[in-house]
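In the two assemblies presented below, chain A is common to both, partnered first by chain B and then by chain C.
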Partner chain A sequence: MSKTLFEKIWDSHIVVDEDGRSLLYVDRHLIHEVTSPQAFDGLRLNARKVRRPDLTFATMDHNVPTSDRSLPILDQTSSVQIKALERNCKEFGITLFDIHSPNQGIVHVIGPELGITLPGTTIVCGDSHTSTHGAFGSLAFGIGTSDVEHVLATQCIMMEKPKTFEIKIQGKRKNPHAVTAKDIIMSIIRKIGTAGGTGTVIEYRGDTISELTMEQRMTICNMSIEAGARAGLIAPDEKTYQYLKGRKYTPNNYDELVNDWRDNLKTDSGAKFDKSFTLSAENIAPQVSWGTNPAMTDDVTGSIPFPDEYGKGNPEEVKGATKALQYMDLKPGTPIVNIVIDRVFIGSCTNARLGDLIEASKVVQGKKVSSKVRAMVVPGSQLVKKNAEEMGLDKIFKDAGFEWRESGCSMCLGMNPDILAAGERCASTSNRNFEGRQGSGGRTHLVSPVMAAAAAINGHFVDVRELDLN
Partner chain B sequence: MKGSIIKYERDNIDTDVILPGPYLKIHDYAELAKHAMEGLDKDFHKRVKPGDFIVAGKNFGCGSSREHAPIALSYSGVKAVLALSFARIFYRNAVDGAFLLPIEIDESAYHDISDGDSLEVDISKNEIKNLTKNKVYKMKPFPELIGKIIEAGGLFNYKP
Partner chain C sequence: MEPFMKIKSIVTPLDKVNVDTDQIVPKQFLKLIQRTGFGQYLFYDWRYEQGGIPRKDFILNDPAYKNSKILLARDNFGCGSSREHAVWALDDFGFKVIISTSFADIFYNNCFKNGILPIRVSDEILQKLFSTKSEIEVDLEDQIIMVNNTPISFDIEPHWKKILLEGLDDIAMTLQHESQIAKYERSHKT
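Up next, the complex of A and B:
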């Protein structure tokens, strides 16, 4: 029988299957300081061990400071969480990339970077953007703390089988340096909505996807959760195998594995998806979110919509847009390029990999950040930071007036001191523009790294297709 | 299960407003509860009473996987959220940890129920009684497995 890639991975991980529920084996479990402490407390309370500490990897990313790390952490509550993770990993025998490790970074950046993420595997992590790892053809689910505890104890997760959703993206982007993977995924979410993927695992397919680098594919899969999907997948190909070759945790029998993956890890021709959506990449423009969820997005050449128009007669949508514009302090009809910004954040598990920083640096090189803007670059991991510094990117950003930080989640979720003040407006390369996400009262516009860089220089949004980025 | 309604006529109420990021560092659940819904409604913790229900629109709980979101609601006294639909991870967290019941209702019930109404939920009959308006609505039955986990009192108490 023909099967989709999802079905193949799912079927090969079933431990028990009854009455529509499955117990799946988990190949890799990633943990971090925020969603794991209660899970470890639970283990201790019930005198349970971690079943496979060798398949469990930990890092600290959500609340770590991104300033000088030789200094003690001032925030007491953060410090407590960080120390708890250190203690838990030691007690249960789990590999930890701590704040001083050269491998520390955002969990979804370091998994692939260290070769922990592998095609055909199942991965879980107490973080919704675990979908990122799907870029490698791994079935990766975000889970909550009760499930983290369950996986720590059993190395299994119980799930009902999701439906399958094919998203095909075809055609060549006219200017691939200006119209990025971020713009592709934001266009998709804008069209299918924040609940468009509910209950499904999305497989992204088509020639546009094949052309993307691994890092760009991660940007696409990362935001699957913003479309409400359980996970996002891209079938592995030669780029995938090349990317993972020789990384720190890439298995010794890698070539053998690759041969097997080449034969098996694809959707069979003739396999059926429960749902399908097709998008042409040819006319995608750089995207800018204007509202308080990622589907509230428009082309950079567009203007702030009138709620009535946006809602197309649906009173809830009209109300939603009205409230969003109030919060964002934007007037309908304002051209997006006229929106003036106060802050720029280039970072997060969506867009803080080396390729993102290289592209952004091209916009910045030889220029100065607008005097009205405070801008920062927070590399996704220490390895990204090191590689970027070897290329001199830190110098380009610093010379232009950007702050160059240590790696972590930082202003993506505002758990550490990197936050927006109330009323501040930010061009951000992260994935969520929810109210207060980057700081209470802060206003977030989601954009690509090149769009964020250009906004930093100009003090407002600009259409990066007009710049020379080659 | 009886309680009164706190209604938010809004879709996409996300985990960042249910429990804003800065509070993810708090371990004391009672303390977390003081910040429940703070991103949307600063007065929520003053308003909420033990046993209350929240009514909301589509895609409730979208966003982060933080279990702190259902925990904060639960420890502030909320026994159930009645919404048009839920985001998956929130739904799962609510059930797994037995924090509160995520109940799906239909459009007519959603529009009919007002802030402050007194409701009685009977999950054995999949029925919601509006005691204030003297009406009865249907709730969407829990899928079989979810029903069993709820009955057992969470994932860890559930034995297949």
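Up next, the complex of A and C:
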């Protein structure tokens, strides 16, 4: 029988079926400091062990400072959480990439970078952006802390089988340096909505996806959760196999595994999806979010919508848009390029990989950040930072007036000292523009790295298609 | 986990779509390493002005809803971050039932893991509940919401119903499959 890629991975991980649910085996469990302490407490309380510490990897990313790592952490509550993770990993025998490790970084950046993420595997983490790893053809999704405890104790997760959702993206982007993977995924979310993928696993397909680099595919899968999906998947291909070859944790029998993956890890022709959506990449413009959820987004050439027009007759959506514009302090009809910004954040598990920094640096090179803007680059991992520095990217950013930081989640969610002040407006390469996400009262506009870089230089949004980025 | 009992209470209507977990518990409160005590941070940025003064126009600050155990919400409630802290905060504040037209997947799961019952209803029923001022009763055993002596039935996945009603420990349930897990591990390559 013809199967989708998702169904193949699902079926090959069933340990037992029970009451309409499946107990699935988890191949890799990633943990971090914020959603794990209560899970370890639960284990201790019930005298349970970690079943497979060898399949569990930990790092600290959410609340770590991105300033000088030789200094002590001033925030006591963050420090307590970081120490708790160190203690827990030691007690239960789990590999930890701590704040001083050359492998430290955002959990969804280091997983692939270290070869922990592999095609055809199941990966879970107490973080919704675990969907990122789907770019490698792994079934990867976020879980709550109770499930973190469940996976630690059993190496399995009990789940109802999600539905399948095919999203086909076809055609050539007119200017692939200006219209990025971020613009593709934001266009999708804008069209299907923040609950468009609820209850499903999305498989992204089509020639536009095949042409993307692995890093760009990660940006697409990363934001699947912003459309409400459990996970996002892209079938592995030669780019995938090449990317993972020779990484720190890539298995010794890698070539043998690749042969197997080549034969099996694809959706069979004739396989049926529960839902389908098609997007043409040809006319996608750079995207800018204007509201307080990622579907509230428009082309950079557009204007702030009138709530009635946005809500299309749905009173709840009209109310939502009105409230969003109030929070964002934006007037309907304002051209997006007229929006003046105070801060720029280039970072996060969505857009802080080497390719993102290279593209952004092309916009910045030889220019200066607007005197009214404070801009920062937070590389996704220590390895990204090191590679970028070897290419001299740090110098390009610093010369332009950007701050060049240590790796972590940073201002994507503002759990560390990198936050917006109330009323500040930020062009951000992160994934969520929720109220207060980057700091209480802060206003977030989601954009691609090149759009963020151009906004930093100009002090307002500009259409990066007008720049020479080649 | 405590077994889920019948709940009778007035409902707190939170009239907003796409409420994300960043609003339910803002990030500055995620640094605690316990599961308890999150109720005081529930909807913190909507509940309080800067400086911690309660906002008069926010529903949770209305004394009329003080002892409510049932939260009415709109579409896509609990979207965004996987933080279970959101459910711990709702629970600690006193909510045991959340009724909406739809929930985000991770949040929906997290509710059951903490003994909270999320109920999906149609638009029409939700509208009716939003206009109810009197107490309603939620009976999980019979899958009935009683509104002004009118029963409204709801659907629930049988396994979640069982786990809530019996207050089961799902890790202990999975560990009963130990031999199957071990067998799977022996035959699995990656």
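As a convention for this text, the second predicted complex is superposed on the first by the 470 of 470 C-alpha atoms of A that agree within 3 Å, B and C clash if a C-alpha of one lies under 4 Å from a C-alpha of the other, contacts with A are read in each partner's own complex, and residues count from 1 in each chain.
Convention: contacts are C-beta pairs under 8 Å (C-beta built on N, C-alpha and C of every residue); 3 or more make two chains touch, one makes a residue touch a chain.
Please read these numbers as outputs of a predicted model, since none were measured by experiment.
When the two structures are aligned on the shared chain, A:R87 is found in touch with neither chain B nor chain C.
Judged by the touch definition given at the top, the superposed model places A:D19 against both chain B and chain C. Look at A:K272: by the touch rule set out above, it reaches neither chain B nor chain C. When the shared chain is aligned, chain B and chain C each come close enough to touch A:G228.
Once the two complexes are overlaid on the shared chain, A:S78 sits against chain B and chain C alike. Of the two partner chains placed by superposition, A:K368 touches none, neither chain B nor chain C. Residue contacts after overlaying the shared chain place A:P251 against chain C, while chain B stays out of touching range.
For chain A, the partner with contacts to more residues, out of chain B and chain C, is C. Residues common to the contacts of chain A with chain B and with chain C across the two structures: 16, 18-21, 34-35, 37-38, 62-63, 75, 77-78, 80-81, 126-128, 142-147, 149-150, 158, 160, 194-195, 198-199, 228, 230, 293, 316-317, 319-320, 323, 413-415, 432, 434-437, 440. Note for the complex: chain B touches chain A at residues 9-12, 14, 16-17, 20-22, 24-27, 39-40, 57-59, 62-67, 85, 87-89, 92-93, 96-97, 143-145, 154-156, 160. Those residues of chain C lying in contact with chain A across their complex are 15-18, 20, 22-23, 26-28, 30-35, 45, 50, 74-76, 79-85, 87, 102, 104-106, 109-110, 113-114, 157-159, 162, 170-171, 174-175, 177, 180-181, 184-185, 188-190.
Taken in their complex, chain A has these residues touching chain B: 16, 18-21, 34-35, 37-38, 42, 62-63, 75, 77-78, 80-81, 126-128, 142-147, 149-150, 158, 160, 194-195, 198-199, 228, 230, 293, 316-317, 319-320, 323, 413-415, 419, 432, 434-437, 440. On chain A, the positions that touch chain C within their shared complex are 15-16, 18-21, 23, 25, 27, 34-35, 37-38, 41, 46, 48, 51, 62-63, 75, 77-78, 80-81, 84, 118, 120-121, 126-128, 142-147, 149-150, 153-156, 158, 160, 162, 194-195, 198-199, 225, 228, 230, 251, 257, 260, 293, 316-317, 319-320, 323, 413-415, 422, 432, 434-437, 440-441.
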